[in-house]
Amino acid sequence: MRRILDPQGNLVDGAQPRLSLARTVEGLRWMMLSRAFDARATALQRQGRLGTYSPVKGQEASVVGSSLALDPATDWIAPSYRELPALVRHGHSLERIVAGYMGKVASSGIIEGVNVLPNQVALATQLQHASGLAWGLKLQRKPGVVMAYCGEGAASEGDFHEACNMAGVRRAPIVFVLMNNQWAISTSRELQSAGEFYRRAEGYGFKGVQVDGNDLLAVYEAAADAVERARAGNGPTLIDCVTCRLSFHNTTDDPGAYLPDGWLERAEREDPILRVQTFLAAQGLWDDGSRVAVEGEIAEQIDAAVQAASAMRTSRAADVFENVYARPPERVRRQRDELLRLAGGS
Amino acid sequence: MAQRNIVEAIRDGLAFEMERDERVIVLGLDVGKLGGVFRATQGLLERFGPERVVDTPLAEGGIIGCSLGLAVSGLIPVAEIQFLGFTHQAFHQIGPQLGRYRFRSRGRYHAQVTIRAPFGGGVKTPEFHPDAVEAQFVQTPGIKVVCPATPHDAKGMLLEAIRDPDPVLFLEPQRLYRKGREEVPDGDYTVPFGKARVARAGFDVTMIAWSAAVEMCLQAAEDLQREGISAGVLDLRTLVPLDVDGMVAEVSRTGRAVVVHEAPLSAGFGAEVVATLQEEAFYSLDAPIRRVTAWDTPYPPASLEGWYLPTVRRVVEAARRTVAA
Amino acid sequence: MAQRNIVEAIRDGLAFEMERDERVIVLGLDVGKLGGVFRATQGLLERFGPERVVDTPLAEGGIIGCSLGLAVSGLIPVAEIQFLGFTHQAFHQIGPQLGRYRFRSRGRYHAQVTIRAPFGGGVKTPEFHPDAVEAQFVQTPGIKVVCPATPHDAKGMLLEAIRDPDPVLFLEPQRLYRKGREEVPDGDYTVPFGKARVARAGFDVTMIAWSAAVEMCLQAAEDLQREGISAGVLDLRTLVPLDVDGMVAEVSRTGRAVVVHEAPLSAGFGAEVVATLQEEAFYSLDAPIRRVTAWDTPYPPASLEGWYLPTVRRVVEAARRTVAA
Amino acid sequence: MRRILDPQGNLVDGAQPRLSLARTVEGLRWMMLSRAFDARATALQRQGRLGTYSPVKGQEASVVGSSLALDPATDWIAPSYRELPALVRHGHSLERIVAGYMGKVASSGIIEGVNVLPNQVALATQLQHASGLAWGLKLQRKPGVVMAYCGEGAASEGDFHEACNMAGVRRAPIVFVLMNNQWAISTSRELQSAGEFYRRAEGYGFKGVQVDGNDLLAVYEAAADAVERARAGNGPTLIDCVTCRLSFHNTTDDPGAYLPDGWLERAEREDPILRVQTFLAAQGLWDDGSRVAVEGEIAEQIDAAVQAASAMRTSRAADVFENVYARPPERVRRQRDELLRLAGGS
């Protein structure tokens, strides 16, 4: 398992980070934004202001480290539902994400020009879309690379296999990032598969690598290599990011019901944010002052997003029929009229 | 006798049958230590051990496909699909495999498998979780499709399902899981498939529904009562087998019917109910049978489900129109 | 104008559209060098090359799921599923993904994908090859479901499907692929969705069907003619969108209808047709609408399909009873 | 790629066949029966007496060599649709198989006590059933091992992945035999996957091996090892049998439309039957006399099966409703009555 930065924040012997110090600071900021947003979103959900929310807590290095290797102008992200900082870093607006969690359908879309696919609830289905998208970019001689995310649980679905095999045959410019956070709700990684996930890639004829998913620098290195490979026309890569879910599965979940004693405590020692902060501090690039400053900026950024989202219009009856068909059947048009009558015309 | 809600009735039924018949095993996502996302299997792992209560890898096709093989090996699997909307991933293993294995093997093998799956809206779940796709399984013969609406039926029909040599898709109304308690016998009893239940007697119009929609019809009947309209409610209980005679008897008495379901209108099971009634009870119908359903659009985000699902108001309006016609 | 059968019309349509719009690509099993198991894509590989005519790995979910991604990338995929019965393997990628992608992405993306699939019985194919599961796709809004019955419609509706920004499931009647030729324009033309076709005018009863069953109804109409019964045949052409007004107009004239399809009875699309007609034309119906369909059993081995599928005899009997009622 | 007997029928240096000479003769007989039956069935299909038929020609060593490692009394076979000699060797009756191809539904079932699952048309679905069956045998402490067959094309289906992963997690007593015959109808092995099939096993945490599928002795060795492993409780094995389809896909197919020039000629040099005959001849266990004798027996065996099948009753209307439900819905009962009325009561 490739590691560059150990849990204590020291570089492992001989390791040469590929991510510059400046960009490491940038990465840290994204990770901290993610962590802060998780806390805020959870609080808002508890107040009944947001719908079900799935935090990224613990997996920030995997999500941020991988997406830092992408060029938002040409590259694409095919998310699962737990990759918020990657989406924001790629250009998706935080306020629209919040609006989505607030159920504001009309205001939650991904704006034109931002190369992000919608979150996917049906596990692993997005991998097929991602393989097709990458293949399509290649056919059209477009420069983009697709980064597709899924959990180690989702990787048990048939769609994972079909998507990887198709991408392999087409030598599509795609990177599969497997967020191996040890849990699929209450199902442990051991019950999910008897094999190592990264080894599956060999069977599809492309490279598989396993990295310490709590190590921003290691994840970035693997992702940068993979993106380079894809851009050069050398096909897909599977990155097995071994990380930990430091929170509940989502706001409806109670991990107390299934986490073994001490698991969370042990996992917290792997915290991906702490180790980067220690590392940067050792480089003289981080101290309490910078922490307070960054935390302040982030709090403002989140406040602004929440306020903007709150100001957006709430969903109305007619939204049920928006964007279903480009050319709706007559029968559906009539149903819409009927609903508008019931809703008193909005 | 004890008071139980639907989840408790199902839990009790599972425990009872696992105790009674050691061939019965439970498998699915998070059914073990967590006890299922709705806790319907809570306590089973501790009581029956990890060989009979199994957290599987995350693959619905595998859960169902392996259940077929487990059945051939001599066991009686009760598979949980976390939400009915995810049976899509196992669609090719349900009707075409479970449903046809007896026929394909000329009777040598059969798939005594029960698939439990919560479904239905109104509880602000994410996409796919509320989808009501029951009608899709009626087009693949060989599978029985049952949908209890009360705690008593939930346990009785679950025991009937597990003991039925034919594969059964057992649909659980998540909205009603903890809605209310009623008397549910502790021991053994079954509710036979193919017999609809008169949930409320009425003389002017018959409202036909299944699963959570039954409760909505009962509320509508209350409102209609105040307007002096006597509306009956028929709970179909099972879509396959369908109680054709029971439906015809009720509707022939009132001459008027309204069908209510949470699935989209087009090709929903309501169409089968209406088509069957007009074939079998044409001459006793005094008015067109109306369907009150979700629209022909995808299930929307939770903030919109109130505008998507049938409502008591829409049911009442349809009943009024039907009676006035 | 040239004489073409249905396969030739489809081949001509594909070639025409690939010529006209270079974003159109064809993918599926054996669509390349072999030209498809029915030769519907014959010659396309030679003409448009391996980047636009692609033999994929053997995975229906991958064919459809990747088609969605290809569409997002800016291409217009025409995916072939070798037989409709194998769409089961891709079920989770069709309605829930293709059908909802525009809605899920709030209009940012859409899936301009056409899925071509042969289906229907009567040609002694192995299991799954004849399955008529069209109704299952009507319950997942967002997808259009179309089923041409003639060479002219096959080409015109195929061009309409490929150009429709909404995903379209294009069902091809394998029994009629080479049945007969008719005039099919060489160049560009489309047949709009949602307009049923009066395949034969009649005054006593209207027989409603789609795909290969239309031909069976036409034969039945001939027989009925000899008995002095004037039976009309309405070819629905498309199930989604459904031509409600067209159906109502025809049936209101005759006051009597019979619906014929190859799928099993229960929850088949015939139920939707009947339910809609009794809702919209209740007062002009003089007799119950009968359904002539396959039985509620799995499609049997070829040696039994003659006893399984609707027959001209059964259609004639049903029409007689309906007229006599 | 493991090989024991080369195409010229010589043992490769140092190879020690695990299959005894006596059983090698038995294996040869099964392969010859299969080859002869293919010819006969094809002829009968051309006369319109059988339905669509899929020959085994060219793959006999893979099918026979693998099934020879099974004990029909305890072990199970989960076939695809191209494993006829394995089924017959396992106890399924040839006349019932013929009856099935003749469309004689009621007479074509697998008789009680023969541990064979029905042929499966929906590719790869049987692998899930096989994994469940193997897992169930293990749970019930039954001794059996399951051998599941699929083609290299079917292995692209999601079901392949889900079945392998489940079997790996459960350490189920199963052997996956991948019949890598280079073609999925007209789709070449190259277009099917960019990886080596046997390497997929590593990703599921069990052993994968690649053998010369035209070498009876190599296939048997791999299968015997795998069955031993499964019996000992050491879990699944994936055997990638590299072989050649020396015929059309099935009787509706025309390989001339897609086979590259010379492909068939080259493939025929790999013929699995010839090399065993040469090998046994060198051992003095095979000559024209024995060939003629065996061919005679086989011809009689096939004649007998075809005659017996021809004598069985043809399907009747009522068979449509047989074995659909154990407890048929009332509505289905009424449909049956209606059909019997139409059929004039049979």
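Chains: A, B, C and D, in written order; residue numbering restarts at 1 for each.
The definition used in the following text is that a residue touches a chain if its C-beta (ideal position, glycine included) is under 8 Å from a C-beta of that chain, and two chains touch if they have at least 3 such contacts.
Here the structure is a predicted model, which means the values were calculated and not measured.
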Contact-richer chain pair (by C-beta pairs counted) among A-C and A-B: A-C
Maximum centroid distance from chain D, chain identifier (CA atoms): A
Centroid spacing, where centroids are CA-atom means, of chain B and chain D in whole angstrom: 40
CA centroid of chain A to CA centroid of chain B, Å: 36
Geometric centre distance via CA averages, chain D-chain A, whole Å: 44
Chain C, residues touching no fewer than two other chains: 56-57, 59, 61-62, 85, 88-89, 92, 96, 103-104, 127-128, 141-142, 240, 242, 266, 295-298, 300
Residue numbers of chain D (touch at least two other chains): 105, 122, 156-159, 161-162, 165, 169, 191-193, 324, 329, 331-332
Residues of chain D touching chain B in the complex: 105-106, 108-112, 117-118, 122, 125, 127-137, 139-140, 142, 158-159, 161-163, 165-166, 169, 322-327, 329-332
For the chain A and chain B complex, residues of the former touching the latter: 51-52, 100, 102-105, 121-123, 153-159, 184-188, 191-193, 252, 257-258, 314-315, 317, 319-321, 324, 329, 331-332, 335-336, 339, 342-343
Parts of chain D lying in touch with chain A, wherever the complex brings them together: 156-162, 165, 168-169, 171, 191-197, 199-206, 235
Residues on chain C engaged by chain D in the complex (per definition of touch): 29-30, 32-35, 37, 55-62, 85-86, 88-89, 124-129, 265-266, 295-298, 300-304, 307-308, 313-314
Chain D contact footprint on chain B (complex, rising order): 25, 51, 56-57, 59, 61-62, 64-75, 77, 92-93, 96-97, 101-110, 141-142, 144, 164-166, 194, 240-242, 244-245
